[in-house]
Structures are given as structure tokens and as C-alpha cells.
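What follows is a set of structures to go through.
The following pair of complexes shares a single chain, chain A, combined with chain B in the former and chain C in the latter.
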Partner chain A sequence: MKCAYYPGCSLESSSAAYDVSVREVADMLRIELLEIDDWNCCGATEYFSQDELTAAAVVARNLALVDPQLDQLVAPCAACYLNLKKTDHLMAENPKLCEKVNQALAAGGLHHRPGRVRVRHLLDVIHTDVGEAAVRDKVVRPLSGVRVAPYYGCQVVRPFTDFDNPEYPMKLDELFTWLGAEVVDYPAKAYCCGGHMTQISESQAFELIRRLLQCAASRNADLIACMCPMCQLNLDAYQGQVNGHFRSNFSLPIVFFTQLLGVAFGIEAKRLGFGKEIVPAETVIRDRLGLPELSNVPQT
Partner chain B sequence: MITVPTDRRDLTFLHDVIEEAPGGERIAHCLQCGSCGGSCPNGPDMDYTPRALFALINAGQRERVLSANTMWCCVSCYACTVRCPQQIPITDIMYALKRISLREGLAKGTDAPALARTFTGLLDRYGRSFEFGLASRYYLLNKPLAILRMGPLGLSMLTKGRMSLVPTRIRQLAQLQAIISKARELGGAA
Partner chain C sequence: MAERVGVYVCHCGSNIAGTVDVEDVAKWASENIADVAVSREYKFMCSSLGQQIIEEDIKTQGLSRVVVAACSPLLHEKTFRRACEHAGLNPYLFQMANIREQVSWVTEDKTAATQKAKLSVAAAAQRIKHQRPLQPSQVSVNPATLVVGGGIAGIQATLELADSGYHVYLVEREPSIGGHMAQFDKTFPTLDCSACILTPKMSEVGQHEHVTLLTYSELEEVSGSVGNFKVKVRKRARHVKEDVCNGCGICSQKCPKKLIDHGFEAGFGQRKAIYTPFPQAVPRTPVIDTEACVWFQRQKCRVCEKLCPAGAIDFEQQDQIVELEVGNIILATGWKLFDCTKLPQYGYRRLPNVYSAMEFERMCNAAGPTSGKIVLRDGKTEPESVAIIHCVGSRDSGHHSYCSNVCCMAALKFGHLVLEKTNADVYSFYIDLRTSHKDYEEFYQRLLGEGMHFVRGKVAEVTNADRMPLETGKLIVQLEDTLLGRQRRVPVDMVILMGALEPQADATEVGRTCGIACGAAGWFTERHPKLDPVATMTDGIFVAGVCQGPKDIPASVAQGAAAAARVGGMIAKGTVTIEPITASVDEERCSGCRICNALCPYSAIEFDEEKEVSRVNVALCKGCGTCVAACPAGAITGAHFTDDQILAEIEGALWDVRPSGGEQPAAGALVQCAVDSG
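The block that comes next holds the complex of A and B.
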């Protein structure tokens, strides 16, 4: 299948590991991702906090730039996914807003008709469209013995609930079952990571991060697999500061779900962005999978 | 408990919120059940939980609501929105309250507006977000002492190749800026 691809700003920098692993895995699963030419930032939560019309217009430029031949758009980042989907819905439900957004877009020679492009998260495409049989078929190195805690975060499963349960989602759990991993069932899997609170109010953010790490660690997770750059950054890069704050000693690698998919598919680890985590994932992957070292993972 | 005689209620504020928030009219259906505050990861830190805030909006307590920290505690996890038995789009209402509060200059006691302005200022300028620019500018202007603590983290992000010191610009920056200017000129989205 062919889909437009919106990587988003984080995937260009802090979450480059997500971008490379998404592209490798999509390639393997025959999902052709065609990057939107000259896409712009979705504004995260920051534009909608200030000016709704400008926020929607900034997002809509990306929707308008989708190749007219394509009717599906994939965004791996939770915040980008939600903004793209939310803007399309806002425009569909509010004709007055839709008209103004299109007046703004017209200043740049663009137009967007809501509903033309279906905005989807990559997990949905892999789980629903590729499906169990085709995923299992690609597994050459089952993740047996690796205790994976799937972490959904917020914005992929809420407020839009069309592909998973907002309270207790299961799609990522199921995907890891197909990969042969030991899936850790833990109640915090769709709890908030604190979002931008790490920048605004550390004590609030650190408690939310601690709650998640604690919940997964107490169930003997080897690592947490996430699908949002903000979640990954908060749980990985701030883990040391959280340990300092609470005098805890968490050492839980936080990887993107696509990195583990890639490992199971036999893709060479260095092509999956491993090594960019602050809390290293190498030991877990090496010990649990009995691999000599990540860089020597055989290619298929 | 705040009591306001119903016949002296000022409904203009409620109408302003409804005007600004898509689906805001659902506020009138709030049952005061408290599922929102109980679901909120930052509920314990709020001046008023959403439930209490809606009661204040219904009572016309404009300044009290707009200077509360409630909406600035909201990180858009949407837990309240999916749980509300009355289908009140609570997260979207929090966004609307942030916007009204900023417009009326009543936001206080939070660095969230500064972060938001720095973030979108960079977006307007480059078309992409710029993490190093955001972090350095925001911390320098708002939390200079935190730079000492953030330094080692920034350094490891740099050495891991996860942060660039130079911004990425989109090619059609003029097009994006024309769209933004037009949107600003058209004003209020409702």
C-alpha cells in the first residue's frame, strides 16, 4: 500500500531512531511511505493554546500538500497524528472554521477539503492493514524471553477511539505477541508521561514519569516500547533526573516499537537507530536474545 | 463553596467560552460528578478541577476562572474527555480557556505561556520546531538557574546526535508565513 508520510520535527532530531526504524520496517512490510514535500511543524499543543484558527491553518497546510493521488496519511508521532486528525475533524464539523482555514490557505495558493485524506497512526496500519499473518511471516528472530512493556501514552488512543480502547488499549500488546515477546501487562500503559511539563513544572512531570517507570519495573519489564517521541524523551532522557529526585534507581531502556519490530524482522540493529537512547538498550537486547552485540546482528 | 444567586448570574462569560470552544455548550450539562478531576494526572495540583471550573463558569466568575492554573496544568492527555459521562470536550475547553486567558492578560503563575510563545515563534520563523533554540531561549528567559541542571542532559542529547544546533528551514517559508498572516488577520476561529 501507498501512504503519504508526515515524519514531524522530532523524528528529524531527538527521535531520529523512530524515523529510521519506521522507514526500515515499513519497507519490509511493503508499506510505501511517500514523505510530504516541504511539510511544516504541526504546532504540537502550543499553537492551539494561543490561536485556534492559526493553529488549524498551520496544520492544514500539511494536509493540503498531500499528493492528490494518495488518500491516506501516516504520522508516527502521537502529537502530529492527533493535530492532523483533529484539524481535519474540526474543519469537517465546523463549516465556518473550514472556510476561514481555506481562506488562509488560499493566501499560500493551497486548499484542503476535509475528509479527503484519512489520517492514521502507523500502529493502526500495521495492525489492521498488514495484519497478524503478514507480520508473523516476517519474524526471523522472535523476541522470546524479552519482557516488553507496551506504552501507548495518550494522543494515539485519545480522544479518537476508532482503532483501540482509550482506557486499556491492546493493539500494541497484540503486535508484540506476534513478535514472540513476553508482553508485560501493566495498568499504566495509557497513562500520561507528563508531556511538556518537564519544561514547565518538573515536580509534576517527574511524578508522572516515576509512576510509569515504577509500574513497568515492578512487573519486571526489560524495556518499555513506546510510539511517541515525547514519551520516549521524557522517560529516557529524564530518567536520570527522576532517579535523583526520588532517590530511585530505575534503569529501564525506552525504545520505539518500530525498533523492536525491526529486530524481530532481522534488520541490522544499527539501521534501526539503536545506541541513541540515553539509557542503553544494548545489554537487554544482547542478553535476552543471546546476540553477541547489536552491531553484529545478522542481516536477512 | 461559592454561591451566586441565580438571578444575578452573568452569562456573558459562559457565552464567551462557548463561542471559543468547539462543543463548549456541553458545559451546561455538567453533573458535577468529578470524573474529570479524578482522571487528571495533574488534578491534585489544580486550583480548581475542571468540574469546579465549570461551576465557576456557569456562575460567571470570569476573573477567577481565567487566572486559575487549571488549564495550564492540562497536558492534553484527554483522559477526562473520554471519561466524561456528559460528553463535555473538556480538553478542548481547557485550550479555549488558555486562549481567552492569554487574550485578556490574566494568565499567571505559570511558564506555560512563555513556552508556547517561544515554540510558535520559532515555528513562524523557520517552519519547523527547533529544539535547541527552544530550550536555550526559553530557559535563558524564564528559568536561567535550570540551565545548570539541563546542561548535562543537553550535552548527552548532542553527543547522541539527537539535537541540532542549527534550525531546519522549510523551502516555502514565505508561503507558510502568508498563511499564518492571513489566519491572524481573519481572527477568531468560531
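The block that comes next holds the complex of A and C.
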């Protein structure tokens, strides 16, 4: 299948590992991702609370730029996914806003008709369209023995509930089962990571991060697999500070779910962006899988 | 001779007169519509004075047709028909124009309303000149009754009728009657032992000379109509001969196959492959669950057969179709519990110490799997704290928008039982507490006194993700306490989910079999929500108990008795009047193509092989008109809905677009028009 691809800013910088692993895995599963030419920032979580019209116009530009031959758009970043979906939804619900957004887009010779492009998260595409049989078929290195805590966060499963239960999602759990991993029943799976709260109130943010880490650690998870650059950054980059704040000693690698998919598919670790994370993941995976060097595994 | 039509326009207080200029309508009718001999308006036509005006006019003015422009014919058609009949006019020479529900209540525009009221009157007045006198027929009522569902509502209906000397066939899907009430330990608010008040009624049904009990059986087909239904019931093979078995129970004791009982024990206990659901079951005859039985699955065992002292086991037994003839049917098919796994945030089936309300009923029951002890899933630890979560699946736009009516009181009952049997703290997490029947509020006050904690708020989640030392090993109930205005985390050992009451999975199908409808939530639709709560839109089919909407035991019993009273009244009268609005075939014109035979939804059309013509059985015909429209030869006429009547009505309704000069378009021209436009 062919889909337009919107990487978003995070995937170009702090979450480059997500971008490379998404591309590798999509390639393996024959999902052709065609990056939108000249895409721009989605405005992240803040813009919509400032000025709805401008925020929507900024996002709608990306929707308008989708190749007219394509009717689906994949966004791996949770915030981008939500903003793209929200904008399309707002424009469909509110004709006045739609008209104003399109007036703005017209300045650049663009137009967006709500509903033309279906915005989807990569997990949905892999779980629903590729499906269990095809995923299992690609697994050459089952993740047996790796205890994974699947972490969904907020924005992929709420408020749009197209493909999973918003209260206790299961699709990522199922995906890891297909990969042969030991999936930890992780009741904090849809809790908030704090988002940008680290910049506003550290102590609040640290408690939100701590409850996620503690819940995974107390269930003997080897690592947490996430779907959102913000979640990954908060849990990984602030883990040391959280340890300092609470005198805890968490040492949980935080990876993107696509990186683990890549490992199971036998893709070389360095092509999956391993090594960019702060709490190192590669050794954990290597130990659990009993493999001397991940990169030595033969390709299919 | 020209007809003499009387037109009566009702004010309905200000219901109609507030929007429609009733005087203008009456005046207009007398001045414009041909053959209108009298045209009046009156405050309340349905009052006895109003009816008297009509009766007087029929007698003194020699009216041959009557039109009343008022409310919906569903409300007062019968009233005015009776008035006409009283004055010696055939009731089918009366017609109603609905200018309330279809005019005054749907607009505030007085000009438009008055105009539409005139057209409605014109339509009725034009049509009525073509109406012909009809005679209703009488059919006798079979005094036997079918009751579907052997819960408390069905049991009550059965006993009321049987005690009056009328025969009842009681069909129950499960191996025993008793329904949900048999599963309960106590009943609110009196804390009567549920079994103690139910089982006497059950055994009365089992032994009653006027009751034929068909358990482990399901309704399969219903044909015929009020007074004379023909019913097919599938009596599933029990694999135990009912007439031979003495109910000694050795078979169940010795059966080697144990499995979780998702029926009577609500998934909380076990049963054998050959089983009677509970000790007081009626009948006592066990059934073999062929899905579980070792013999049926692997052709080994037959232990029950070897040990049965009566020789009652019959592995060869087949399902039987039992044909019954009854005059009336009462549906009391009950409900099922909401599947709490649909709210995964509450952890049902994921977190071991989260229980559904029915599981907890079984836990409390002295005859249940824990002998009535309130313990955690390990079977021995008594909880130190118990949370009861209300409105699980009820009052929830994602699941059921309705209130399930009984859960608040059941939660109070649970609270009482926990406080009585353990030292645990009990929390009720509620949105609103609804205790609105006799002695119910007093029961709530009692629980307040007993120390049950009431916390107002919709629970966000039940989790085992502990964050504080006190939470370790506990289930944490997270919610916003809307009275305190803050988030709370309440650590407990046990959680009980008060799941919604849901319609049975096959309620729609059962409704269709009996020709009745279900509302949006899936409950059976009664004829009138206030004034006719146990009858349905299909004559001879009644509903009782929760299948009509969530209700508690007293209300279910009341409905069971009410439905029985309605049926008893019909049996006592002995006959029912059949509307003469039926189809008839002109045998001269019938080509014998039989298209109508298959189309008739009531199987009312028979084919005369000898004469090669179709014929309508008027006892079965409902006058729906399907055959009339379908007949390619135009050989079928629907009484009271003939072509000339309908075309005249259309002419009247289109009065304002008639050719100028007051000239009426001939009906023939309209027919031509219809033919031309295909």
C-alpha cells in the first residue's frame, strides 16, 4: 500500500531513531511511505490553545500538500497525528472555519477538502491493514524473553478512538505478542507522560514520569516501548533527574515500538537508530535475546 | 342520492384552536366542499357533549357520513365510531382528520396551520363519500395461553392464569424456571431470602394441574392472530427422560467432567456436564451439556448411564418440535447482565478481585460456591475494604444511556451484606443514588447508619498500579470526588461492578417472531408507555417484566399479574372483534399467478388448487395492503382502502392546487396521471 508520510519536526531531530526505524519497518512490510514535499510543523500541543484558526491553517497546509493520488496519510508522532486528525475534523464540523482556513491556504495556491485524506497512525496501519499473519511472517528473530511494557500515552488513543479502546488500549500489546515478546500488563499504559510540564513545573512532571517508570519497573519490564517522541523524551532524558529527585534508581530503556519491530524483523541495530537513546537499550535486548551482536543476524 | 356529510372541528382547548382558526376551517368546509350538510366547531369534541352533538345531527339532520377534525385516530377514532354507531350510523362511515399532531402541534404559523387543517378536512370529506359500511367479525378466543420466560414475571403471569382455571404453557430456555431471582441471596429493601419467597411459587408452577412446563425449550415460530395463535416450540434434547428420572442427582455427583458454570453461577462457580442448575430447580430433571460431555465429545464414559438407578439417561434423544394452539402470548423474557469487559479500565477479568454484580450475588448466596462467605479470589482471605462501582454501562453515552433502575438498591443490599458478614469498609462510588420506591429511601438511610461510605463521582479506573506504600497489593479506585472537588485514590481489596441490565441478545429476533418491535435500547415496545404498559401493538401479544425495560422484582411481579389480567379478560369475554379492514380477491379477475401468496407477511392468502385462484383468510389478514398493491391483475381490493377512496382523499389533500373555478379534477384523470407517470 501507498501512503503519504508526515514525519514531523521531532523525527528530524530528537527522535531520529523513530524516523529511521519507521522507514525500515514500513519498507519491510511493503508500506510505501511518500514523504510530503515541503511539509511544515504541526504546531505541536500548544498552538491550538492560542489561536484555533491559525493553528488549523498551519496544519491544513500539510493536508493540502498530500499528493492528490493518495488518500491516506501516516504520521508516527502522536502530536502530529492528533493535530492532523483534529484539523480535518474541525474543518468538517465547522464550515466557517473551513472556509477561512481555505482562504488562508489560497494565498499559497492550496486547498483542503475535509475528509479527502484519512489520517492514520502507523500502529493502526500495521495492526489493521498489514495484519497478524503478515507481521508474524516477517519475524525472524522472535523477541522471546524480552519483557516489554507497551506505552500508548494520550494522543494516539484520545480523543479520537478510531482503532483502539481509549481507556485500556490493546493494539500495541497484541503487536508485541505477534513478535514473540513477553508483554507486561502495564496498567499505566495510557497515562500522561507530562508533556511539556517539565518546562513549567518540574516536580509535577517528575511525579508523572515516576509513576510510569515505577509501574513498569515493579512489573519487571526490561524496557518501555512508546509511540510518541514526547513520551520517549520525557521518560528517557529525564530519567536521571527523576532518579535524583526521588532517590530512585530506575534504569529502563525507552524505545520506539518500530525499533523493536525492526529487531524482530532482523534489521541491523544501527539501521534502527539504536544508540541515540540515553538509557542504553541495545545491551538489554542483546542480553535477553542471547545474541552476541544484534547486527550479525542474517537478513531475510 | 347525494351523501349528507357532517364536519366537526375540535378546538381541543387551545391545543388546536391556539394555532388553527377553527371557526374559519368549519365555515370554509361548509361553503366549499360539496355535500357538507353540517359544519361545526366545538371546544372538546371527545367530551360527552361533543359526542352528543354528532349523535343529534345524525338523527335530526339525516347525516350519512361524519368527519371529525381533531387529534390522532389512535386516540379517539374508537370514541367517535361508537358515537356514530349509537346514533344508528355504521361506524366505518366515520373518518378522522388529524389536525393536532399533524398540524397545530408542529407549527406556530397560524396561517399555514389553518390552511393545512382545511386541506386535511377536505381530504377526509372527499374520501368519506366513497366509504362503505363494513361489519366487524367475531372470532373465538382459545383459552390456553403461552408464557415465554420462567423468571419471576413469567411465573407470576402463569400462576395468575392457571389459578383462574385457564391452561398455560410456560416455555423456559434454561433447564429450570426461576430466572435471575433464583440466583440472588437477598432481596432489597426487606432482605427477604430470595429463594425462600421464590421457590414456593416455582414448585406451584411445577405441580399445577393447569400448567404445562416446557423447560430447556425455545420459541421457534408463531403464526395466526389474536385468539388463535399456532406456536412451534423447540424442546431441546435433555438426554434425560423426564418421565423416568426421579431427580436423585447421582448422575451429577458421579459425572467426571467439571466446568465453569457461566449460567446459573454467573461464571463464579462450577458445574458438571450433566447437571441441574441448583438444588431447588423445577423440574429436577438434569440436562446433559453435549458441548462438555465426555461421551458426546470423545465417545467415552457413559458413567451417568451406568449409575442411573431409574435408567433415565438417553444419549439418542433428539430435539422435539412441540406445536401448541393458544389464544394469547405473554413475553417475559427478561434480561442479561452488561459485559463488564467492555469497560477495560475497570479491570474485569484482568484483575482477579474485580467482580460483576451477578458473581457477587452468587458469592453472597449461602448455596453458592463460597457457601455465602465473602472472600477474595483465593477463596479464603476476607477483604478489609470493598468498593462498589455504580452505573457500569448504564447512564453512559458509550454504552447504555438509560438508568438500569435496580443497581442503586442492589448496591445498598451488597453494602449491607458485606458489613454484616465481614469487618470490611464498604465504599459506594455513585453518580446519583436513586432510591425512589416504597421503603427504598429508608433502606439508604439505614446503610448510612450502618457506616457504608458514599463517594460521589464517576470512577475513572480501577488499577493495580500502586504509587504509594499504602497502595501496595491493593486495587486502587481513582475518581474525582465531585463533592470534595478533588481527585481521590481509594485503595481496596475487592471491587464489585454494578453492570447494566441489557436486553437479551436475541430480543429483537423474538420480537420479530411475535410481530412486536423493540425500542432504540432494545427493550420490547409497549402499546402505550403510561396507559397500556403490558399490551403491544400486536393484539394478543403482551409483555411483562424486564424485557419491557429495567425494573425490580415488585414491578416485574405487578406486570406479570397485569398481563395475566389482560389475557384473563379476553378469555372471559370469549371472543375478539376482528377489524373488517381486510383484503378480498375478485375470483373472476384472479389469474392464479400466486404472486400475493408469497408476499403476504401474515401467510393469510391460500390458493385454491381446484379453481386456481387465491383466497384471503380474513381471520389472519391484517389489511396491510401489500397484496392489493402487488396484484398485477388488480384483482385484490383492500376494504376501507379502495382505489376510489384513496384517490378521493388525494384530491381533497390537493384542494389548493385544483384547476381554478372550483372544478374538481375527476378521479379518473388522476388515475390516468398516475399510470402515465409510471
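Rule of thumb we're sticking to: the second predicted complex is superposed on the first by the 293 of 300 C-alpha atoms of A that agree within 3 Å, B and C clash if a C-alpha of one lies under 4 Å from a C-alpha of the other, contacts with A are read in each partner's own complex, and residues count from 1 in each chain.
By our rule, a contact is a pair of C-beta atoms (placed from the backbone, for glycine too) under 8 Å apart; a residue touches a chain by one contact, two chains touch by 3 or more.
If you're wondering where the values come from, they're calculated on a predicted model, not measured in any experiment.
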{"item": "Partner chain(s) touched by A:95 [first = chain B, second = chain C, both, neither]", "value": "neither"}
{"item": "Chain B versus chain C as contact partner of A:167, first or second or both or neither", "value": "both"}
{"item": "Partner with the higher number of touched chain A residues, chain C or chain B", "value": "B"}
{"item": "Which superposed partner A:185 touches (first chain B, second chain C, both, neither)", "value": "second"}
{"item": "Touching partner for A:46 - first (chain B), second (chain C), both, neither", "value": "first"}
{"item": "Partner chain(s) touched by A:110 [first = chain B, second = chain C, both, neither]", "value": "first"}
{"item": "First (chain B), second (chain C), both or neither touched by A:145", "value": "neither"}
{"item": "Partner chain(s) touched by A:131 [first = chain B, second = chain C, both, neither]", "value": "neither"}
{"item": "Common interface residues of chain A - those touching chain B in one complex and chain C in the other", "value": "167"}
{"item": "Complex contacts: residues of chain B adjacent to chain A", "value": "20, 22, 41-42, 45, 72-73, 75-79, 81-83, 89, 91, 95-96, 98-99, 102, 110-113, 115-117, 119-120, 123, 127-129, 131, 135, 138, 149, 153, 156-157, 160-164, 168, 170-172, 175-176, 178-184, 186-190"}
{"item": "For the chain A and chain B complex, residues of the former touching the latter", "value": "9-10, 12-16, 38-41, 43-54, 56-58, 61, 90, 93-94, 96-97, 100-101, 103-110, 154-155, 158-159, 161, 166-167, 191-192, 194-197, 199-201, 204, 208, 237-238, 240-241, 275-278"}
{"item": "Touching residues (chain side chain C, partner chain A) in the complex", "value": "343-345, 347, 350, 461, 463-467"}
{"item": "Partner chain C, residues of chain A touching it in the complex", "value": "165, 167-168, 170, 185, 187-188, 211, 214-215, 218"}
